[in-house]
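Each of the next two complexes has chain A plus one more chain, namely chain B in the first and chain C in the second.
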Partner chain A sequence: MTETIVVTGFGVISPLNPDGDPGCFWAALRAGKNGVLPVLSFDASRYPCKVAAEIPRGMLGLAEGEDPAMQMARIAFERSIEDADLKQAGYDPKRTGVILGTVLGGVVSGDRYFRVAGLREEEKKRLLRQYPMRAVASSLALSGRIGGPVLTVATACASGTDAVGIGYRKIRSGEADAVVAGGVDAVTEFSFSGFSALNALTPDKVRPFSKNRSGLALGEGAAFLVLERATSATARGARILGRVAGYASASDATHLTAPHRDGRGLSSAAAAAIRESDLDPSEIDYVSAHGTGTLYNDWMETRALKTSLGRRAGSVPVSSIKAILGHAFGAAGAMEALACFLAIRDGVVPPTGNFEERDPECDIDCVPNRERSVTVRAALSLSAGFGGQNAALVLARR
Partner chain B sequence: MRNSVPILGVGLVKIRSGNAMEERRFGERFASAGETFARAGKRIRLFHRIEEVAFLAAWDAAQESGLSVPSGDDRAGIVLGLDEGIDGIRARHSIALRDDGPKGVSPLLFPLTAHNAVTAQLSIALDLRGESFTFCGGSVSGAAALWAARWMLHDGRASIVLAGGATSVEKEFLEGLVVAGMPDRGGERDGACFLALGASRSVAAPGEGVRPALVGYGEGFGERDVRDAVDACLEDAGVPLHAIFSVWEATSGAASVVEERGKEGRWPVVRPSPYADMHAASFPLAVAAALRETSSARPCYALIVGRDCLAGAAAVLVQS
Partner chain C sequence: MALLKGYPVDPRFCVPDISLEDSLENARPFRRVANVTKFALAAVAMAIRDAGLTPGREDRSRTGMVIGVTHGALVFSSQYHEGLLQDGPEAASPMLFAESVLNAPAGNVAMAFGIRGPVHTMIGEESVGAQALEVALALLRSGSVDHCIVVGTEEKSPLINNAYERMEHVASRAIPGEATPPPGEGAAAIVVECAWEAIRRRTSLRVPVVSVRCCHGAREGMEDFVARVVKEQLTSVGMRDVKTGHVILPTGRYREAVRRGALRGLGAGWCGTSCLDIAPVVGNPFGAAVLFQVSVSAALISSGDSSGAGLILSSGIEKTFSSILLGGSPDGAEAPPL
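After this line comes the complex of A and B, so read on.
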C-alpha cells in the first residue's frame, strides 16, 4: 500500500496576480481575463509579435540588479510555505526538499552579462551569481532553511510538471517528508527572439484549439505546491487541497522542436499517470491541456487525448489557461496543476480564452470562453516541450 | 542490498584542449560509432561538442550493456546531469542578438540553449522512448542523474536507463569564473560519462560472479551537506562504515569532511578523482574510475562523494 501524497499549500505569482494574491489568480482564470498585452520589459518593435504576458517589473519589488526569476520564485515559494504553515509542521530540515523546474533559470542575468558592454565588475559578479540554473533553487533552500533534496529539473516546457511529479516520488519513496515543488521562468528578449526566429509567436492573441490559431505568447511567473504525506498532514491538522494520484513522463524521441504528430509520448505519459492513479479514464472530469495555441501542438494533443482517454476524450472538459496567461515555460506546469486543484476545490473549470472557430481536427470540448460548473473528482494535467519531453499528473480529491 | 541496481555498461569520454592524442582518439571513436549507426539506418545530426561527447559515452555504455540502439523501447530511459556545458551556446545567442538584432538569431541554435536539448538529441538518436530527465546541479548534476535512474528502475518504469553527466568547459565559462573570482586554470575541455543501469532482478545470476552495482545514494544541503550525504548514502545502502573499501572525492571540497567521517570506520585515504575538474560530468566519471580500480573477485564497496558550491553534496556507493 503506497502512501497518499497531498498538497497542503501553494503560492503563485503571474501576470494575472502580480501581487501574488492567489484569489486574484483564480478569479482571473475563471473570468478569462486576458493577461497577454504589449511587451513591457524590452523594446519589441523589431519583432512581428509585440505581445507577451508579463508582470510589470515595478510590481516585483526587485532589489537593484536582482534577477526577476529569482524574485518571482521567492514570492511564490514563501507564500506556499506560509499557506501550508510548513514552518510549524516540525519536519526535519534534512528531510524537506525543494524541487524547481525551469527552462531558463537566471538567463535574464546571463543575457545582460553577455550583451551589455562596460558593466562594472560588481555588477558582472552579481549577474554571474544569479545566472546558473541551480542558483534559484539553492537560494530558496537557503532562505527556507531547507536541508534535504535540492534539485533543478530542466525538461523544457514540462519542467514544472516534472518538478511536482519528482517531488511526489521523493516523498513516496521515503527520501523526503515534505517537498516544495514548482517552477519559474521570466520573459526575456533572449527567449522571445528565439521563439520569434522559429515563427512560433502569435502576432496578436493565443487561441488554443481554434481553427485560426496562430501561435503562442510568452508568459512568466512562478508557482509552488507543498507536498507531504496525507497521514502527516492530517495529524498536524493541515488543510488539504487534494492529492497527487499519479505521475509519469515519456519521450517522443522524434524531433528537437516539433512534437510527434500523433502525440505518442504525451499519450504514453497520460496513460501511465492514469494507471498509477488507479482511476479509470471515466473518472477524469477535467483536463488541463498543454494547449499552446500552435498548429501542431493542438493537433498532437487532441490525438494524444483520444489515445489515452478513449471515448472519454470526446466528452471531458479540456481547457488551456495559456490562452490568457501565455506560456510561462518552467512555471506553466505548476500553475496548471494548481488550476486543477482549484477546479477540484470549487467545482468550476476555467475556460479556454479567445476561442473563435472550431477546428475539426481538434474535436474536443475545450470549454470555450466561459467557465463551467463541473464536479471534478480527478483532473489530468498535461505538459509537452522541446526535445520531445512529455509529462502528465493526475490530481484528485483527497 | 535494498536498492541495488546493476551497472551493465560504462562509457566515458574526456578531451582536454591541446591534447592531440585525446582529440584524435575521440575522432576515431566517434567516426566508428557513426559508421555502425549508419548501418542501422540512422544518421547522427549533432551540432555541438557537448552533444558529441555525450553521444559517444552513451553509445559506448549502451554497447557494453547489450542494449540494442536505436532502441524504440518505451522502457528505455535516459537521465543526464548537465549545467555549465551550454554557456557558450547561450553566449553566442546573446551576442548575435546584440550585434545583429532579431535577424541575427539562429532558429537552429536557439533550441540548443535549453539544457534538455543534449538529452533530447540522445533520446532521438538512440530512439529511447522512456522517461527522460535533465538535472542541473553543477558538479553534482551527474549524481542526481544516477539517483533518478535508480528510482525509475525500482518503480518498474524502465528496464534500462542510461544515466550520466556531460560538460563542455568553453572560454565563456572560464572567463565567467575569472570575473566571479573563482578562476579555473584547467583550460577548455569536454567530458561525458554514462552508466547503463538495469533492473534489479538482473543482479548476480548464479555462477556469474559479482556484477558491479549502484547500491546507495544520499544527498545533503547546507552547513553539514557532505556529512549528511555520506550518512544518507550508507543508510540507504544498509552498509556499515567499516565495509567501505575505497573512498573517492568526485569534486574538490569534500575530502576533509569525508576523512573526518571515515575515522569512525577506519576508511582508507580519500582518493581524488582524476576527473574532479569535469564539472557536471565529474561524478559519473569518478564512479567509472572507482569501478575500474576496485574490480575484484569478491564484492567490495567504493564510496564516491562530491560537492557543489550551490547545489550541495551527494554520495554514491557502488559495489564492484
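After this line comes the complex of A and C, so read on.
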C-alpha cells in the first residue's frame, strides 16, 4: 500500500501578512482584505498599470544588498521548519530535501547589477551570487543543514504547485523522508514591464471570473509546506494539517504565453491528480482556482473544471485568492495549497474578491466576495502558466 | 549602468549557427527563439528519432519531458533588460520577455513535438542534468508517463563569462584543478523508459540507468565527500569490485577533487579504469553538461568500446555533486533500469 504523505508545518509571508504571521494570512484571505495597492518598489508612473501586491521592503529586515526574494524565502522556510518542529524530528539531513518553485529567483539582484553604476566590487559579486535562480534553494539548504534533494523547479506560474507535487513524490518513492517544499518570487520592474508588454496587467483591480475582469496584478511572497510520511509524523506526535492525496502535471503544447482555449492541459492534470488520490470527483468540496483574472485564463479554467469534475463543476465552491493577493508566480501555487489546507481545517473557504458581474462563460460558483462555511473533505488546487504548464494537487483531510 | 555592450564575447566552445530546418517538420514558428531553445529543439528531434518514437503513434499525453538548465536565455534576458533600462517600458519587447523565461525552452519543445505529459524545467548547477534525470525516473516509476525525454541545454552569454570571471571561478583565475573551464553551450537529450516499454515498442535498449545520486553542499572536503558517496552508491547496487568501466569527469568546479575522490570510492574491480574528460572539447556547458556526459558514456557502452559500466560525475561551485551509473550489473547481465 502506498504511504500517506502529510503536511506537518507551514510558513508563509505575503502582502497580507508582511510580518510572516500565518494567522494574519488566513484571516485576511477569509475577510477578502485587498493587498493590491499602488506599486512601492519602483516607479510605475510610466505604466498603464500602477498596482501590485507587495511587501514593504522595510518590513523584510533586509541586510544591505540582500535580495528580497531570498529574505522572503528564508522567513517562510524557517517558520515552516519551526511550525513542524522539524529540527527535533530526528530525520537524517541527507534524506531531507528542499524543493523550491520560482519564476524569477534573484532577479531583483540582477536588476540592481544592471541598473546601478559605480557599485563596489564586493557588492557586484554579492549580486551575481544572488542572481541565479538556483541560489535561493541552495541558501535555504545550507542554512537548514539539509543535504538531501535540493531542487529548483521553474514551471512558470505552476512552479509552487509542482514543487509541492515533486516533494510529495520524492517521499512516496523513498528518495527522502521529509521535504520542505514551496515557492518564492518578488515583484520587480523586470517582470512588471514584461507582463505589461503582454497586456496582461489590470489597470485597477483583479476580478477573477467577473465579466468585466481586466487582467492580473503582480504579487510576491513565499510559502513552504513541510511534508513527511503519516507514519513518521504520527510516531513523533507531530500535528497533521492534512495530506497530499494526488498530484499531476500536463502540458498544453499549444502556445508559449496563452493557455489552450479548452483548458486541455489543466483538465488533464486535474483528472490525473484526482485519479491518483483514489477519491471520487464528488468528494472534492473546494477548488482553489488559478484564477488570474485574465480573460482567457478564467474561460479556460471554467472549461477545464467542467471536463474534470463533470456536473459537479457547477456546484462546487471555486475561489481565487489572487483577487486580493495578486499573482505571486512561483509562490502562488504553494500559497494556494496552504489555503486549501486551512479551508479543510476550519471548514471555511475564502472568497473570490472584487467579484462584480457574472460572466455566462464562467458559470461556476466562485464564492463571490464573502467567505463561506463548507465542510471540505478534499480540495483541488490548480495552477497554469507560461509555456503551457499546468499542475494540480488534491489535498485532503488526514 | 553595467550593461553588456562592452563585455568581451568568448569565441571558444560555441555552437556554430544551426538551422532547425533539418530537425523540425515546421521550423517556422521557432525561427526567433533563443539559442538555448534552438539547441534543445535540435537535440530532442535527434533523441526522438533515435528512440524510434514515431509522431502520431505514441500517446503524447503519456510522454513527459524534464529539462535541466543553469542560466537559460541570458542573451535575450540581458537584451530585454537593456532595452527596458535604456529606452523605458515602451521598448519592452513581449517576445524577448516571453522567450527569456526559464521554462521557455520546455514550452517550445513541448509545442514542437506535441508533448502533453508532465513537462518540468529544473534549475541548478552543472549537476542539474542528473536532477532532471532523477525527476524523469520518478515520473516513470509513478506511472505518470510511458517515456520521458531528458534534456540539458545552455547558451553562452557575455554575462556568464563576466560573472564567472568576476567571481574568480573560471580557469584563468581560479586555483588550478579546482577551476571551471570556460563556458560552453549546446544541448543533449535522451529518452528514458521502462525496459518492458522499450521491448513492447521493439526498439533497441541502449543502456540501463542503474543509479542516480544528487547531493548538495558537501560539508567535509569535496574529495572525501565524493569518495564516500561513490562508495555508497556502488555498494547499494552491488557493483563495487565487479567490473572495470569508465568514469566521465565533471566539467564544473572541483574537478580534480572529484576525480581523486571518485577513484578512492571505486572498488578494486575499477582499478585501471579510464577517466574521460570532455571539457577540453565542450568547455563547461553548465545545464547541458551531464546530458553530454551521459550521451558519451551511453555511446561507449552501447558500441562496445567500454566493456563495463560508466560512472558520470558532476560538480559545481556550490559544492553540488551528482553521480550517475550507467550499464553493467553484478551478474554481468544488464540491470533493469527501473
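We take it that the second predicted complex is superposed on the first by the 398 of 398 C-alpha atoms of A that agree within 3 Å, B and C clash if a C-alpha of one lies under 4 Å from a C-alpha of the other, contacts with A are read in each partner's own complex, and residues count from 1 in each chain.
Definition applied: a residue touches a chain if its C-beta (ideal position, glycine included) is under 8 Å from a C-beta of that chain, and two chains touch if they have at least 3 such contacts.
From a predicted model like this one, the values you see are computed outputs, not experimental measurements.
Undergrad: Is the arrangement of chain B and chain C around the shared chain A a clash or a fit after superposition?
TA: By the criteria stated at the top, chain C and chain B clash after superposition.
Undergrad: A:G387 in the overlay: touching chain B, chain C, both, or neither? Say first, second, both or neither.
TA: both
Undergrad: Tell me the contact category for A:D43 with respect to chain B and chain C: first, second, both or neither.
TA: A:D43: touches no partner chain.
Undergrad: In the superposed arrangement, which partner chain does A:E64 touch: chain B (first), chain C (second), both, or neither?
TA: neither
Undergrad: Contact-wise, after the overlay, does A:E122 reach chain B, chain C, both or neither (first, second, both, neither)?
TA: neither
Undergrad: Could you pull out which residues of chain A sit against chain B in one structure and against chain C in the other?
TA: 46-47, 94, 103, 105, 110-111, 113-115, 121, 124-125, 128-129, 131-134, 138, 141-142, 146-156, 162, 166, 169, 173, 189-190, 193-194, 196-198, 248-257, 264-265, 268, 272, 385-389
Undergrad: Looking at the complex, which residues from chain B come into contact with chain A?
TA: On the chain B side, the touching residues are 74, 77-78, 82-84, 87, 90-91, 93-95, 97-98, 101-102, 105-107, 110-111, 113-117, 119-121, 123-124, 126-138, 144, 148, 151, 154-155, 157, 172, 176, 179-181, 219-222, 224-225, 228, 232, 308, 310-312.
Undergrad: State the interface residues of chain A toward chain C in the complex, per the touch definition above.
TA: Against chain C, chain A makes touches at 46-47, 94, 102-103, 105, 110-111, 113-117, 119, 121, 124-125, 128-129, 131-134, 138, 141-142, 146-156, 162, 166, 169-170, 172-173, 175, 189-190, 193-194, 196-198, 248-257, 264-265, 268, 272, 385-389.
Undergrad: Show which residues of chain C lie in contact with chain A when the two form their complex.
TA: 1-3, 60-61, 65, 69-71, 78, 80-82, 84-85, 88-89, 92-94, 97-99, 101-104, 106-108, 110-111, 113-125, 128, 131, 134-135, 138, 141-142, 144, 163, 166-167, 214-217, 219, 318, 320
Undergrad: Inside the complex, what are the residues of chain A that reach chain B?
TA: 46-47, 93-94, 103, 105, 107, 110-111, 113-115, 121, 124-125, 128-129, 131-135, 137-138, 141-142, 145-156, 162, 166, 169, 173, 189-190, 193-198, 248-257, 264-265, 268, 272, 385-389
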